[in-house]
Every structure is written in structure tokens, then in C-alpha cells.
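Scrolling down, you'll hit the structures one after another.
Note that chain A is present in both complexes that follow, paired respectively with chain B and with chain C.
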Partner chain A sequence: MSDSTLVTTDEASKALVFKPKPPRPAPPSTVGVAGWMRANLFSSVPNTLLTILGAYLVYSFFSMLINWALINAVWEADNRRECLDLVGRSGACWPGVVEWLPNLIYGLYPKDQVWRINFGFLALIAWAVPLWLPGVRSKVAIGLSAVLIYPFLASYFFMGGEKGVIWTLLIALGVTGFVWVWLTTITEMRYGLPFTRVMAGILGASGKPEEAQRSYGRASMGALFLISLIVVTQWELPEVQTRFWGGLFLTLVISGIGITFSLPAGVLLALGRRSKMPLISLLSTTFIELFRSVPLITILFMFNTMLPLFLPVDVEVNQLLRAIVAVCLFAAAYMAEVIRGGLQAIPKGQYEAADAMGLGYWQSITLIIMPQALKIMIPTIVGNFIGLFKDTTLVSIIGLFDLLSMSRAVGEDSRWLGLFIEPFFFITLIYFLFCFLMSQYSINLERRLAAGARR
Partner chain B sequence: MAITESTSVRTSKPTSSFINNETVRSVFYQILTLACVLGLGWYLVSNTIENMSTRGMSAGFDFLDASAGFGISFTLIPYREGDSYFRVFQVGIANTLLVAAIGIVFATLIGLFVGLARMSSNWLIRTIARWYVEVLRNTPLLLQIIAWYFGVFTLLPRPRDSLGWGEMFFLNNRGFYFPAPVAGDGFGVTLAAFALALAGAAGLIWWARKRQEATGKHFPAISVGIAAVIALPLLVFLVSGRPLDWEIPALQGFNFRGGVNVPPSLAALILALSIYTSCFIAEIVRSGIQSVSHGQTEAARALGVKPSWTMRLIILPQALRVIIPPLISQYLNLTKNSSLAIAIGFPDLVSVWMNTSLNQSGRAIPIVAMTMAFYCIVSLTVSFAMNRYNQRILLKER
Partner chain C sequence: MSTNVLAQNASPSGDRGRPVIELVGMSKWFGSFQVLKDIDLRVYEGERIVVCGPSGSGKSTMIRCINQLETHQEGEVIVNGEAFGSNVANNDLIRRDIGMVFQQFNLFPHLTVLENCTLAPIWVKEMPKAQAEALAMSLLERVRIPEQAAKYPLQLSGGQQQRVAIARALCMNPKIMLFDEPTSALDPEMINEVLDVMIELAESGMTMIVVTHEMNFARRVADRVIFMDQGEIVEEAPPAAFFDNPRFDRTQLFLSQILHH
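== the complex of A and B ==
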């Protein structure tokens, strides 16, 4: 080539010719699948060994699980003996769980009344759906109504039976709330105005002053309430006593009430603990420390044995109510500490700025302090909710038939005697699903609310 | 205008009306609250007295001396069926503390291991650790305890076919058996040597720190101390002729005799408690170590601190500040959670005292009060110590 001819022709310049070293091999790829695997799985000899060990663990765990739960599992059998005869202990015996599925979910609720539970929970979902619809502006009101008014509606769905005057009014309020939520959602999505405004327009008050429009709106709400009152008086559901409640349904009822109660009560207790009034601060602190320092099970036991003693002789408190009271107070004490943490994280300048703006105590708390405190504590608050949801299993110890005790009952059924692992596995999935979704939602919420702080 | 007015009038009387006065309001609210609380208290107490008199119940503590008359399946301290109720209370406390102590040790070890695995540079190990934490943290502890008990320990083979390791450790449906140490004559000397070495090591560490602070000279007190604590008792033990025997469990008839027996309920309880708590500890360890910024490691290197010292002297002290408070509260949680023993029949405080004794004696109020008092004392003592520690390690700023 030309190079070689140059070298051979001009001997003198031989020493000066630039001769590149042979190129080094390209460095191992740091991008793509191979690069990622090299960096994260096989970066060194010990790391490779760890990867092999980990892969072995994962493989043996999942192969065991899949073999047991799917491949060797029995899907059709009449009793546990048949399952054992077919596969022994190497495969799961699912027919027992399938047969008990209604009980695991609804407890001993009468089978012909189960639609009421489904309907009650569907009503809650329907109530909450507008919160995620675009164009709906009264989200705060809808959310609050779901927390404050929905329970009245649900209580009649679940309990039924004789309703006194007050309960009738409350149920009617629940029905009104539900109808209002959807009417407002529709009018806001359609016309961008809340239902009461649209009603005032329809009634011919659109040109009239603000005050007149409001009174028309109020009148239409009153009419709605009257209609629901008439409906409710005509509406009768047979009574289902709380001792028939059970399964996932009961777990959701207890944790739902506990969660709903614990947040406002926790806020009040936390404010009380930080109050400048010594007596209020002392009382709140005593309550919080007392309930936080003892296990939930002792509180459940205490309320189970002592609540009947605390109340007048003729007042009967059913066991579910005792458990709910205990769970609520316990959860409130824990929530109070979480919220206090949030309050302490708010810089003093925020309080001072609120004072300087001339806001009173409750105004500065509700408008300035609490929104910030709750926002930064969202992960912890949701963590507390998850803890509460898991803690509801403790009511099984004082004799309520929640999801856990229902699953234990499967193995005590004479036909499925000793069938424990399968129902436990099944309800573990249920608990995990609920808790995991809650925690993922909180992470999502946290990220969305922190959007303002992101650079 | 307003300013001059208020400064001049301040000494005489407030300009605002009586109702808007902050002090008056605060006193009024507190009186109102006190009245509500006292009213509620009076209502509850009067109802209770009435209820108790109609049911013929008594609230006295006199039953504590009476014979309890029931057996307890597992006792750490000696107990016979005829012993008093107060003894039952003590047995319950001892059992609860036993579970808590063992659980804390295991939970810390597993939690530390998983927490470090969670930060591994190896993706697979990291992911396994993450899902270990996610799955176990998101399922109820009670379910885990019951699942371990009914799903594992009661399904183990009978003693005759028990699983054994080296003819010393046995696992069957009566529990876990391992050799028990039996102290012979003169073993006390070894124990004394151990205590002496421990005290000596503590003194050595204290002296080394003093000297380093005064002169800057380093002395490897920790390694020397550990060596002394191991070597001195061992030497005494060997010199005094190994006065320690192992009582090995052996199958006799239908059951094992000898050795230490951990009943299935205790084993299930400890396993479930430590695995459940280890998830929380793992997260605490991870967040603690990650809270120390990487700049600290780089700064240590820039100052020429040995890599082996960086972790111990730079990272760990700062991480511990973040780790210790939540760690202690997890220990407290574990202690409180040990009360779930009642679900599988392990006789802890709640089980023998708040359940069995309460049902048998009917003294609801004293029994509930004593149980609550025990847990309150434990919690408040620990949180008091915790607050002291927090104040000591608080960042000294400005």
C-alpha cells in the first residue's frame, strides 16, 4: 500500500512515522440489557455468586408455590379426605375455599339478603366516582358527604329493621346526599354550575339577585329531602342482627368506621396536645399516651368486659359496637401522634403569618396549618390506615367473625377438617391486595401533591 | 393613633370586650372541659358501682392472695397449680418479657440483614429483599402468627418421626428441642470471670476514650476488650475442669425428655413476631444509612480516614441518630404485639391474666388496671429513656 511504499522509499523518515498502537478492545457495554445485567447482576465474582443464590431462591420458592397452588392442586372434591387421597399435602385443596367463599366475604349474613351488602358498597363506589371525574368542582363537598352522610345510608342497608323517627330522618338525609351528589355531578359536567344553581334557573330565578337564587336552591334541596323522606318511610328491609355480620364485610365495616373516626378525632387530640391551655393539653396527652402504651388487644378486652359496666343497667351494647368503640379510640390516639408530627414540622413563621393576617385560631388552623400538616404526613397517615386495617383482625380474638376467624372456621368444618393453609393463603392475598393498593395510592398521591415543590 | 392609644391605656384595662379576652376564654374553655370530663367520669363511675352491686362483683385486690387453681402450660418462673393469682400475674409478665427479649434479638438480626440486602448493588438481591418487606409488612401479624402455628408447627411430624439435626436438635409437633446447659460445681467461677472481664473491658474502653481525648493517642480498646471477654472466662472454664454439661434431649416413650423444649406456640409466636418486625427494622436501617449523604464518605476519604474506619466512625454514628428512635419504638411494638399470643394459646400476660384469671375470678377492674399498668410502665419507661437519648444526640445547632 502507499504506507509501505513510503517507508521503503524513505529510510530516513522511518523513525518518525506515526504508528498507532493496536486499539484496546471496546469497554463492556454499559447500556442495553447486557450492560444493565453486567452492572446490576454480575459486577464482580461475589456479586455473581449472590445472583446465582438469589435466582435459586426465587426459582425454588416460585416452583414450590406454583406446584402447590396450581399444578398439584385439587379443584373439585367434596371433602378434604378426597383431596388428601388424590394428592396428599403436595397440592392445595381449593374446593373448601371455594365452598366457603360466600362466608369468607359476607360472614353469616342471610344468603337472600347479601345483595344489600353489595348494594351498600356499590353505593359508596358510586358516591366516590365523581371525585375522579373531570369538570366536577364540588369535590370537597362530595368527599365530605361520602364520609359524613353515606354511613347513615349504609347503616340501613346493612342493618335494616325497625327505624325510629331520628334514624328515618338520617336515612332520608343519606338518600338526599346520594341523589344530590349525582345531580350536582351531572349539572357541573354539563353546565359548569352546581345542582342548586341549575334548579334556581329552571324555577325561573336566573335573573334574580344572589340571595333569591340561594333560597330557590335551598328550597329545591328541601323538596329533595321531603321526597327521599317519603321514599324512606315506604322502604323496608328485614333486620339482620350484627352477630350475623362477618367475613371481609365486617373487616371493611370496622376498618372503615375506624378510619373515618380516627382522622378528625386525631386532629382534635393533636391540637389539644399542643394547646396552650394546660388542662386541655394534659387531658389530651394523658389520653394519647394511655392508649398508645397498651396493646390493642387489652383495649378490646377492656371494652368488651367493662363497657357494659360503664353504661346504665338497661342499656345493651352489642359486641360489634364495643369492638368498634375500642378500635376507634385506639386509632385516634395513634393518628393524633402522626398529626402532631405534621404540626411540629410546620415552621413557626406560618403560625405567625396567619396571626399577622388577622386570622383567628380556627381559621389559621383550618386554612393555613392543617392543609400543610396533613399534606406532609400523607404517607404516615395512610401507613396508619393500613395498620388499622391489619389490626381489625384482632376482633377475632374477642369473638367477632371477621375475615380471619371465618378462614379459621373453614378448618373446623367437619368436611374440611384441618384445612388451614389454603384459606390462610387466600385471605393473605386479600389483605395484601388491600394494604398494597393503599400504600401505592398514597405514594401516588404524595407525588401529585408534591408537584409544586418539584423543580 | 391606635398605637399611641393602646400603649397608654394598656396599664389600665383591656380595650377589647370581656368576652374576647384570651385569658377569660381560655379559663372558660378549660372549666367547660373539666366539667365535661368530670361529668363523664361521674356518670361512668356511678354506673359501674350500680352495675357491680347488682351483679355482686367486687373491685378489691384481695383476690391476689387466693389460689388461682389452674395450670399454665409454659412457665419461665416456677409455678404450681395451687399458687396465688399474684403468682399468675408474675408468670404472665415473665413469659411476655421472654417473648419480647427473644423476639427483639431475632428481629434485629433479620432486619439488619434484610435492610443491608435492600441496599445491595445486586438487583436481584435488592428486589427479593424489597418483596420480602412488602409482602410481610402488608399482611396482618395475627394472620402470620396463626398461619405459623396452624399451618406449620401443628402439622409437624409426631415426636417418633421428628426432624433432627445431629441428634441434638429436634423439631416435632410438640415443639423444638435443644440441649440444655447444666452448670456443674464451680461454674460460678467462670461466670464471675465473665463478669470481671466485662467490667474490665468497660473500664478499658472508658480509659482509652479519656486518653484519646487528652493525648490523641489511639488504643484498640474494643478489640482488646472483646478478646478479654472471650478469653478470660474460657481460660477459667478450662482451668476449672469444664464444669458444664449438656443435657441432650432424647426420645423416651411418646415424647422427648431432657433438654430445653420450646413449645409450638412459643416457636410460632417468636418466629412470626421477629419476621414481621424485621420488615420494619429493615426499612429503618435502610433509611438510616441512606440518610447519611455520600459527601460524608467522600469527605472521610479526602481526610485520609481508613476505609475500614469510615463506616464505624463517620457513617454509623450519623445513621444511628436516625435509626435508634424508630428502632426502639419497633421494640416496644414487638413487646405489645406479643400479647397476640392469646390467639394460639401461649400463656403470656394478656392470656393468663386478662383472659383466664379475669374469667375465673370475675375481678374485671383490678385485673384490667394491673395489665394496663404493666404495659404503661414498660412503654413510659422506654419512652422516657428514649427522650433522654434523643436530647443527648440532638444535633447541636446554633
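== the complex of A and C ==
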């Protein structure tokens, strides 16, 4: 017996020595690509037949699609008639979509002002990039500033018009925030210190006490704000009324605001519903149940047509704003229930441990409970975001030209009359792209946050 | 008779000063069911109390009342001369002196072992991060797992997790430690590593209240053993007297059931 597990020693008095068997590799037919295919595709005769049938169906669907969308497609024509004369209905007629592309993306936004939209979105990307850069430590502050300060900058870029005193200050705050984000990113990556500290050093406060360094830092931020303020007063953008907004741009504005608002509002509502204070709990529950039990479309109608009836005659609330508020409140109610689900999955022991260590309510919520609850609920939260993104198509009902209604307008153009399938196909790709990216990001996030659960 | 060196060292006869924990006529109900009936208990500095009793006897509820994880309805809970009351902020201050170790460890799974330990010092005591980490490392060394500091709790064995939980509680520099069945959720092979840490803690003079079924631990470490049943303290005595001459029939029955099988 060569691989015996027990080996006796010479002396009878000594205990037997236990030697565990070495592990052997798994049988080759069960591992690797071949093993996987054998187990999942060809495990039996019916299974093999189904695999072949499935492969055939997939092939014929995609060959049809590629024929229509690419091979038989018309790329140059003046109107839909020409397309039909060339290939009939066997190929797609893309020139209509290409011609309408700027409208599908920007709506009826004046052509010479479109750069403002591009600039606004690029600013957001630039604002968020430091979050993924190595060596940047103020990530929380940068993320918060993107949510709290960026919107002022963006809304002025998109809307333009006269700046009052308050708007001037807010825009200057936005500019300051943006400049600070990148300055602090650069200084933290190069010197490992936030911008304010580096400034304090440059101003000659490096040897001075903590409090002095802070005030130098604050002073440099104040100077930055003043410079921004002077710059901001120098330029003014022409006004573009929100009724010209449309297309993908409008869809992104509504869903972006809805998403950013719904998460914190949902957290507060969920906490409110679970609160031990009866009034807060009652109010939160009422709000959640009210907005959850009414279809979004009804809420949009209510806000659009009925809200003005309750307001004084001279108060006019912008139609887009009304739609955004409706979407936000609706999304918040749904998000609250998702987050409540996450809160319920946290064992009572976590609250008790936090209490026993002397953490206060908000400390245990922000440090212990929410990080775990949000992590558990990532798939559902992102699912809600995706749902919200697609639900924004409903604003077309109250007369806003989002991506969907813009694409419908193509087929109503006299030159492209009846051209509906191609624009729908195109926006399907856009919707898919955005939703797919969101879902991939959520999977990626889950994987990165799974560290604590890894054994 | 069993020897109890610790007990003789730590409880000098005569004046023992003011008790660090006083339960005065404490009663508690869950709905209409009375779980604790007029509990009176005094614990003096440096004392080690072991609480035992059948399940449902109210022993866990009693020690959870001491740091007010459960609120009592009648009587008083006084820690270091301060009574728990309706002032939440003051209650949190009283709690800082009491560390607690749970049956299910209750470590924070999303934080590393080191972060679990430094969380409360940083956020509750506002200690600088570097200082909190140094403190946490010294206590992880004391419970003999400094090498696990960067891991997440679920990557550790049950015994290691419970030792982290002890280190985490010690990081707040408590005057009193409560243990709620600290070894009941552990595999048999891991019980001793946790008990060893607790014995070391007892030898250092920490005031401890331990709810446990580990009778050998009680014999070796306790100054007093308390037996509870149906929400009452039935009997309290030094371990020698408690194990060798229990006065009540209920205690005798309990001891015969857990000691001889």
C-alpha cells in the first residue's frame, strides 16, 4: 500500500501519525471548454438537437438583421421615395436618420449653441474622472461636489440668459468647484497633499500650526472663488428656453436628475419609514404609498395640468421643471422601498454592536448600516435606475420632445414620411447602450465591493 | 474544593467602595410577559461575575440591560454612579465605559479587522487615525491575531472573529466588559482560544460579567457565580460554594443536567 493514510512508528508507545492523502486533479472530461460543452450543450440526444436548433435560429435572426441594417441598406438618398425605389423594404433607409441625427441628440436646441451641451457633459465627465485616478484621496469631496455643485454650472450652460446676483454666485461656485477638483487631483497625485495644503505651503505656512495652515487653505479657496466670480461676470450666454430642449439631451437631463435625486431622497424616506418617531414614520409611509400606487403617467399629468391650478396666477412653473419634479418624487418613492429592503436584510446584531460601541444614530447609519444595505441592493438600485431611464419616455405625453418623441418626428417629416422603423431601431441601440453600460457598471461595482464577503 | 486564586486576590475583604454596576429592583416586560423580576445586583470594581441558567431565564436580557441595548421598565441601572435615563446623549456617554462581546460576534463585515477596531475610537472618541491604528494593533496583539489585521471578518475562523470582537471592544478602553455567551456559536476546537483571551483579561483586573455555560471557566475565573431562572436571580455564591454546595433544588437540578452526562 503505497498511499496508505496511516504510518506506524517504531515505538508502540507513540501515537499513530496521520498523513492526509494528496489531492488529485479532477477528471479531464469535467473541466475546461470541452467539459463545459459536454455538460451544458451535448449532454443527451434531445439536448444536442435543441443546441443545433437554437444555433440555427440565432444564425438566421442575425443574418436577417445584418442584411437589413447593413448589406441591403441605403446610405445616400434625398427622401424616402428614393430609398424605396432602390431597395424597397428589404433594406434600411438610413439617410433620414442621419439627417435628423442632430435633432435626435439635441432636440431643437439652436445649432450654434449646441457646443454648450457638449461642453456641459464633458465637464461632468471631467469632474468624475478623478474618482477613478490612483492616488486621489479626496474622492468623497469630489463625488459630493459633482452631485451638489456641478448642477449649477450645467444648468446655466444649458439655459443661459440673464444672471441675477444669486445665479452669478452659484455659477462662480460651480467654476470654483471644477477648478478645485482638478487642482487638488493634480496636487494629490504629485505631492500626496490636497490643493489647499499645497497653497498653504507656497504661501509660507508649512511650518505653522494646523489652524494657521487651514486658514491659509481657506484663504486660497476664497481667492479662487473671487477670480471665478470676476470671470463669470464677464461672460453671458444667450438664453435657450427649455421648450427647445429635446432628444437624447433631454432624456439624459431628466433621468440624470431623477437618478441623482432619487437615491438620497430614497435613503431618507426609507429611514423615515423605519423611524421610531410616529409622525416621521407616518409622513414617509404616506408619501411612499401615495406615489407608488399611482402610475407615473398620472403623476406627470397631475403635475402638468393640475399643479398650475393650485398656484397663484402669476407664478409660472416651467413645464420641464414640473416633469422633473414628478419624475423625482416618483423615483424617490420606489427607491425608498428598495433601500428599506436592504435595511431589513441587515442583522439586528449590527445595530446592537454599533450601539454598544457608543456610535450615535447617524454615525451607525452612515458608517455601518447604509454601506452594507446599499451594497446588498446594488442590483435592484441599478435596476431602478435603468427603469427610470426608460420611463422618461413618458414625458412625451405631456409634450416634451425626449428621444422617443424626437424619433417619431422623423417619420412625420414630409420628405421622410413613414420612416419609423429606422429611427426606432437607432434609438433602441442608444437605449440599449446606456442601459447595458449601467448594468455592466453595477456588476463591476458588485465585484469590487464583494471583498468583505469573500472567504 | 477547587482553588480560586484569582478570586482571593481580587476581592479584598472589607470596604469595596462604590459598586461600578448597580441594578436596583430592575424589572422588564416583553409585551405582557415579564422577563426580569426585581433584579438586584451589585458588581464591584475588578469583580468577575459568571451568569448561568437555562435558556429563557433572562440572563442575556439582564446583561443587555446593563448597557441599555434593552430598556428596562422598572427600577434603576446605575453604572459608575450614573443612572441610565431618558437623556440619549448621556446614555451614550455612560455606554462608552462598557464594552460588549456578542454570541454572534457582530463584527462589521464590510470593514477590515483593523477598521472594525479603529471605527469607534476615531468616530466616537475622535482619536487621530494613526493613534487609533497603533492602539488597535496593540490590542490585536493582545488577543494574538495581529497578522489578520488587513483581512475581512468573514475570512477568519469563528474563534478568530470572536477575538477580534474582544479587541474591538477593548479599543474603547472600557471599565467594564460584558460577554453574552461568547463561546456558544463556536466550533469546539475554537472555544479555548477565546477562553484563554478572556482569562488573560480577567487576570489583568478587568471588571467582567460573563453569561456562559463554560463551567470550568466559571470555576477558574469567577468571583461570584449567579444562577438565574424565570427572570430571577435564584442564587449567587463564590464558585466553590456554588458548585459544591448549591442551596436551591433548582440550582442542583441545573448543575446535575449540565455537568453529568
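Basically, the second predicted complex is superposed on the first by the 415 of 455 C-alpha atoms of A that agree within 3 Å, B and C clash if a C-alpha of one lies under 4 Å from a C-alpha of the other, contacts with A are read in each partner's own complex, and residues count from 1 in each chain.
Basically, a contact is a pair of C-beta atoms (placed from the backbone, for glycine too) under 8 Å apart; a residue touches a chain by one contact, two chains touch by 3 or more.
Please read all numbers here as calculations on a predicted model, not as lab measurements.
Engineer: With both complexes superposed on chain A, which partner does A:Lys375 reach: first (chain B), second (chain C), both or neither?
Structural biologist: Second partner only, chain C.
Engineer: Thinking of the overlay built on chain A, is A:Leu279 touched by chain B (first), by chain C (second), by both, or by neither?
Structural biologist: A:Leu279 sits against chain B, while chain C stays out of touch.
Engineer: Identify the partner contact of A:Ile166: answer first if only chain B is touched, second if only chain C is, both if each is, neither if none is.
Structural biologist: Neither chain B nor chain C is touched by A:Ile166.
Engineer: Which chain, chain B or chain C, ends up touching more residues of chain A in the combined arrangement?
Structural biologist: It is B that touches the greater number of chain A residues.
Engineer: Who does A:Ile125 touch here: chain B (first), chain C (second), both, or neither?
Structural biologist: It touches nothing on chain B or chain C.
Engineer: Looking at A:Pro308, would you say it contacts chain B, chain C, both, or neither? Reply first, second, both or neither.
Structural biologist: First partner only.
Engineer: Taking the superposition on A as described, I'd like to know which of chain B and chain C A:Val140 touches: first, second, both or neither.
Structural biologist: Neither partner.
Engineer: Once chain A of both complexes is superposed, is A:Val33 in touch with chain B (first), chain C (second), both, or neither?
Structural biologist: After superposing on A, A:Val33 lies clear of both chain B and chain C.
Engineer: Classify the contacts of A:Arg292 with the two partner chains as first (chain B alone), second (chain C alone), both, or neither.
Structural biologist: First partner only.
Engineer: Who does A:Val45 touch here: chain B (first), chain C (second), both, or neither?
Structural biologist: A:Val45 sits against neither chain B nor chain C.
Engineer: Spell out the part of chain C that touches chain A in their complex, as residue ranges.
Structural biologist: 67, 69, 92-93, 95-96, 98-100, 102, 104, 106-111, 119-120, 123-124, 152-155, 168-169, 172
Engineer: What residues of chain A sit close enough to touch chain B in their complex?
Structural biologist: Answer in residue numbers: 40-41, 43, 47, 50-51, 54-55, 57-58, 89, 276-280, 283, 289-290, 292-295, 297-298, 301-302, 305-306, 308-313, 386, 390-391, 393-394, 396-397, 404, 408, 411, 420-421, 424, 427-428, 431-432, 435-436, 439.
Engineer: Applying the document's contact rule, which stretches of chain B touch chain A when the two form their complex?
Structural biologist: Contacts found on chain B: 26, 29-30, 33-34, 37, 44, 47-48, 50-52, 54, 120-125, 128, 134-135, 137-143, 146-147, 150-151, 155, 336-337, 339-340, 342-343, 350, 354-355, 358, 364-365, 368, 371-372, 375-376, 378-380, 383.
Engineer: Going by the contact rule at the top, pick out the chain A residues touching chain C in the complex.
Structural biologist: Within the complex, chain A touches chain C at residues 347, 349-350, 352-353, 355-360, 363, 367-368, 371-372, 375, 449, 451-455.
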